[in-house]
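Look for chain A in each of the two complexes below; its partner is chain B in the first and chain C in the second.
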Partner chain A sequence: MEGNGRYVETPGGRYVDIPVKSGPDTLVVKAGTAFNRSYVINAGSSVSMPANHIIVEEGSLTDICIIIMPGVDADIPITVDLIGEGSDFSLSGIYICGSEERVSLETVVRHRVPGCKSNQHFNGIVSGTARTDFFGRIIVAPDAQKTEAYQVNRNILLSDKAKVNTKPQLEIYADDVKCSHGATIGRLDEEAQFYMRSRGIPLEEAKVLQMLSFISPVLNHIRNSAEREVVAKDIDEAIRKIL
Partner chain B sequence: MDNDILLQINDLHAAAGEKEILRGIDLTIRKGEIHAVMGPNGAGKSTLSAVLTGKPEYTVTSGSATFMGKDLLAMKPEERSWAGIFMSFQYPIEIPGVTITNFMKTAINSKRKAQGIEPMKAAEFLKLLRSKMAFVKMKPEFAKREVNVGFSGGEKKRNEIFQMAMLDPVLSILDETDSGLDVDALKIVADGVNSLRTPLKASIIITHYQKLLEYIEPDYVHVLKAGKIVATSGKELVGEIEAEGFDKF
Partner chain C sequence: MKDREENNILKGIASQEYKEGFVTEIEQKYIPKGLDEDIIRTISSIRKEPGWLLDFRLDAFSKWKKMKMPRWAHLDLPDIDFQDIIYYAAPKKDSDRPKEIDPKLEETFEKLGIPLRERAALAGVVAVDAVFDSVSVGTTFRKTLEDKGIIFCSFSEAVRDHSDLVRKYLASVVPSGDNFFAALNSAVFGDGSFCYIPKGVKCPMELSSYFRINASGTGQFERTLIVADEGSSLSYMEGCTAPMRDERQLHAAVVEIIVEKDADVKYSTVQNWYPGDSEGRGGILNFVTKRGMCKGAGSHLSWTQVETGSAITWKYPSTILKGDNSSSEFYSVAVTNNYQQADTGTKMIHTGKNTKSRIISKGISAGHSQNSYRGLVMMNAGAEGARNYSQCDSLLIGSQCGAHTFPDIRSANRSAVVEHEATTSKISDEQLFYCNQRGIDPEDAVGLIVNGYAKEVLSKLPMEFAVEAHKLLQVSLEGSVG
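Right after this comes the complex of A and B.
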């Protein structure tokens, strides 16, 4: 894909300027509009994903949340082009894998113009023999000053046989930006479990509380509270099943 | 059987990994009593409270402990809580993302579920929460804070006493709750313990300072050293320890 780009030499390295091209799978968030949507992918159900290419225009507000429930194999590539100044783009997700799922998420967020904000936040709980891959790239073009771009991928690993692969990448060619990325892979804190048990909360319930609190910051991206409650309830059930 | 006995510990030995820490503890605690356990660092004080509450890292190698006639050591930590045992942690744990309200609601309703009682009604719970927070002088906004996250040392200890008041235990164990507290916070801790001083309940105060014992008058004082109780007496022992240290025991 990078073959048809124009090379721009910058102090930060060689930036490949690829023209923005919309295709049949492109979603355009028009200037000055808002696009909020959550996508819950359940085993056996077919939910059409947001387009794998998103063009974000000037002054728009986008908030997309993808929830991948247990039993789902998914391969989701999403490329985002921020082409209008002052836009605010958020892409978040939750994946819960309890058996032998394969989940792959690949995001590329290109800040092409100044003054845009992007935020990516993916949290996953991975158990059984599942395997997840997260590849997240943020590319800030040489002209895209005053960009704010953040990316976080946090994972809880519940089994020794499950595998989590996470690779956040930042490519910054502008010099006046605020960017950060981070990835963590951890286990449930056993000290906290004992503390909860000593207050009468059974071990399983303690684990559920820990996992729900881990998921909750991403869940808050679902702006519609009625919708959020439905998803929260489904997630509660899903978590209890994979314990 | 002596019906007044809450906790009966006989020749209790316990280890952390390979290392034996408790080397034969004998202790009897009856209803209405407050026991202070004092001793130098490394004597096994915190191990004793950890073993009584079922902390997984510790193994009981021999001996027995019964609580209200039941085998305490066979019970899971949560079952010990349901039976009425509470420990105030020396180092309270942070639980990110879980609010104090949600934490306490889950705790209370877990016990009720285990006892076959319906969950507490929301209004009743909130009333209880507010009154106990006021009792330990915790600001109401703490109800929405994540458990112990970003709390100062004093706030964490106050939160322990708040939880103790909420759960209304039969036997409360305070594991060095007084360390690092100023006098005002110490008084709150003391008020908490004294409020549970009824003819049916008991407390174990583990400490190596005598300060807290100025506010909570113990019925018995034990000196724990090298994993054993080496002296037991009345509250006069506190002054003796203060004056002469633990070396003489």
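Right after this comes the complex of A and C.
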């Protein structure tokens, strides 16, 4: 808590029902519709998240992917309210930091009604003197039975001067749920590198391949294949640069 | 009608099942209520303490006055009036037999299953230091331990007889101003246990502290200090109970463990404080600071805890992994029922090279309870090749309870590897059905499934504790299904 710059107020033991309010920054995914978009945030470009609050209605399908390229300082808070039964929500992201970036991601996914599914998947590669903070919360309201909520945050730390902090949180007030979160911070597997090198792949290339394969599960969230290929190419270049 | 009946049954179970909830009628000596410098001086003089310890207390008190009660935990904390607590209570000693243990006290501990006399049948198994409110009433197997050079005695005796050791290690792991409750404890602590294992000695039996709150309107503030010197090994157990009362009683203890080079310490706790009744009245407020330091290379510290008691638990047994190649483990089962609240977990702070830690936490919530895991894993820049694995599972029984996980993972070293995973689920209908079908009634089936779920942790407990822990789990969850 201290040293993290942010102090989190906890309501103390009980579920606190914060009313759903929409503001100018709210994105509403209407009942029965699908919303599928990816956002690539490049250094110097002006693309930013259109919304820091998303309301998900009944029976809708949402898939949002955020890609943060090297050289970007970002502070992205996203709150998601699942207010309609049977909706399926996915939020994923990639962050690649190679120099002195500060990236902070904060997600709050509130399951307010029964029978919804949410999935969060964030993978990051951190090098240089960058610092990343991931703070992800899943809150399941007392009556939101049959909820399925998952969250994964994986990080590769490439430099001793870089820092990775991750705080996944589960707050569950219903009982018939399936929820999990996982977080890892680690390095590139040296045995895998040896395997590739013994087959004639140079070390540098082996590392690039490892990182690409680490990123690729998140990339699959970009549904449009043309778009996905463009992003994949950009990421390939970015990874080679930070190595 | 059916609801009412169910409630009655629940009430019956809640009041009858806490079998340690009796009060010992014994004449006790109290000091006045409240907390100020005079009270601290009084406590210190009753305990005939040297000047340095009084200074330590007063210093802690001045720090405490500047602190605020921590509110960041996921707990609904009542306001505690610290001036409304009696900070020292002790059974009166008869002047005609000052050496002997009061038979009533002996009876109390006998009833709790803690024999104060060394018995042939139990010889060589467990040595106990029994603490009753603010004083230690007896320590067993002293002679056997002394032969090996092991010091195991009450804290006040340690201050008297081994002043240099106490002075060297006291507050070296938990500084007096560490947090609100540690500061309070440092200012007013009563008795506790002190244990020193000399170089290369393997402790021949389990050492154990047993804490009993008896007097009403008091708090218990015990202090435990364990030092394991180079190459020694020790298994330590802690147990605790309190009478059933409608008022809430404060328990704010500090446990410090110092593990030197290649030493091995295993610290096990079965927390069985009175948890309050089924309506959430009464119970112990348990705000405890437990911390160990793996000081030397290759040292090892293992925490095992089974939490079934206390109305509110605020407790994070932690390890600082300072020595290279040192390792630590944390195994925990926390059960909450009725209106209990628990915010518990661990901190693993890696500073040495190739340090390893492992966290296995199993939370079980039933009734209207709230059960949180809160943990910190920190890899400092010097922690080359450090490794951590954490697993936190929560089991929900009933739709009114909550289970929460708040891990905090920080890494500043590229060769360190940290893994964390958490899951939350309930006992599935299929599992219950499977048991029912084979003639196991729902309550037993839940007990069976819960014991299986917690097995990974229970298997780490010393044998004497494991049996008790199994039973406790069963009792704590009684009435939670149906």
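Just so we're on the same page, the second predicted complex is superposed on the first by the 229 of 243 C-alpha atoms of A that agree within 3 Å, B and C clash if a C-alpha of one lies under 4 Å from a C-alpha of the other, contacts with A are read in each partner's own complex, and residues count from 1 in each chain.
By definition in this document, a residue touches a chain if its C-beta (ideal position, glycine included) is under 8 Å from a C-beta of that chain, and two chains touch if they have at least 3 such contacts.
Predicted, not measured: the structure shown is a model, and the values here were computed from it.
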| item | value |
| --- | --- |
| Overlay on chain A: chain C relative to chain B, clash or fit | fit |
| Superposed arrangement, angle subtended at the Cα centre of chain A by chain B and chain C, nearest 10 degrees | 90 |
| Touching partner for A:Ala192 - first (chain B), second (chain C), both, neither | first |
| Partner chain in contact with A:Leu203 - chain B first, chain C second, else both or neither | first |
| Chain B versus chain C as contact partner of A:Gly182, first or second or both or neither | second |
| Touching partner for A:Ala174 - first (chain B), second (chain C), both, neither | second |
| First, second, both or neither for A:Ile125, with chain B first and chain C second | neither |
| Contacts of A:Ser213 with chain B and chain C, given as first, second, both or neither | first |
| Chain B versus chain C as contact partner of A:Ile96, first or second or both or neither | neither |
| First (chain B), second (chain C), both or neither touched by A:Ile239 | neither |
| Residue contacts with chain A in the superposition, chain B compared against chain C | C |
| After fitting on chain A: smallest Cα gap, chain B-chain C, Å | 15 |
| Overlap of chain C and chain B interfaces on chain A (superposed complexes) | none |
| Touching residues (chain side chain A, partner chain C) in the complex | 1, 7-8, 10, 12-15, 142, 145, 155, 157-160, 162-187 |
| Complex interface listing, chain A residues touching chain B | 189-192, 194-203, 205, 209-210, 212-214, 216-217 |
| Sites on chain B touched by chain A in the complex | 53-56, 76-78, 80-82, 86-87, 89, 92-98, 102-104, 106-108, 110-111, 114, 146, 163, 167 |
| Chain A-touching residues of chain C, taken from the complex the two chains share | 71-77, 341, 370, 379, 381, 394, 396-426 |
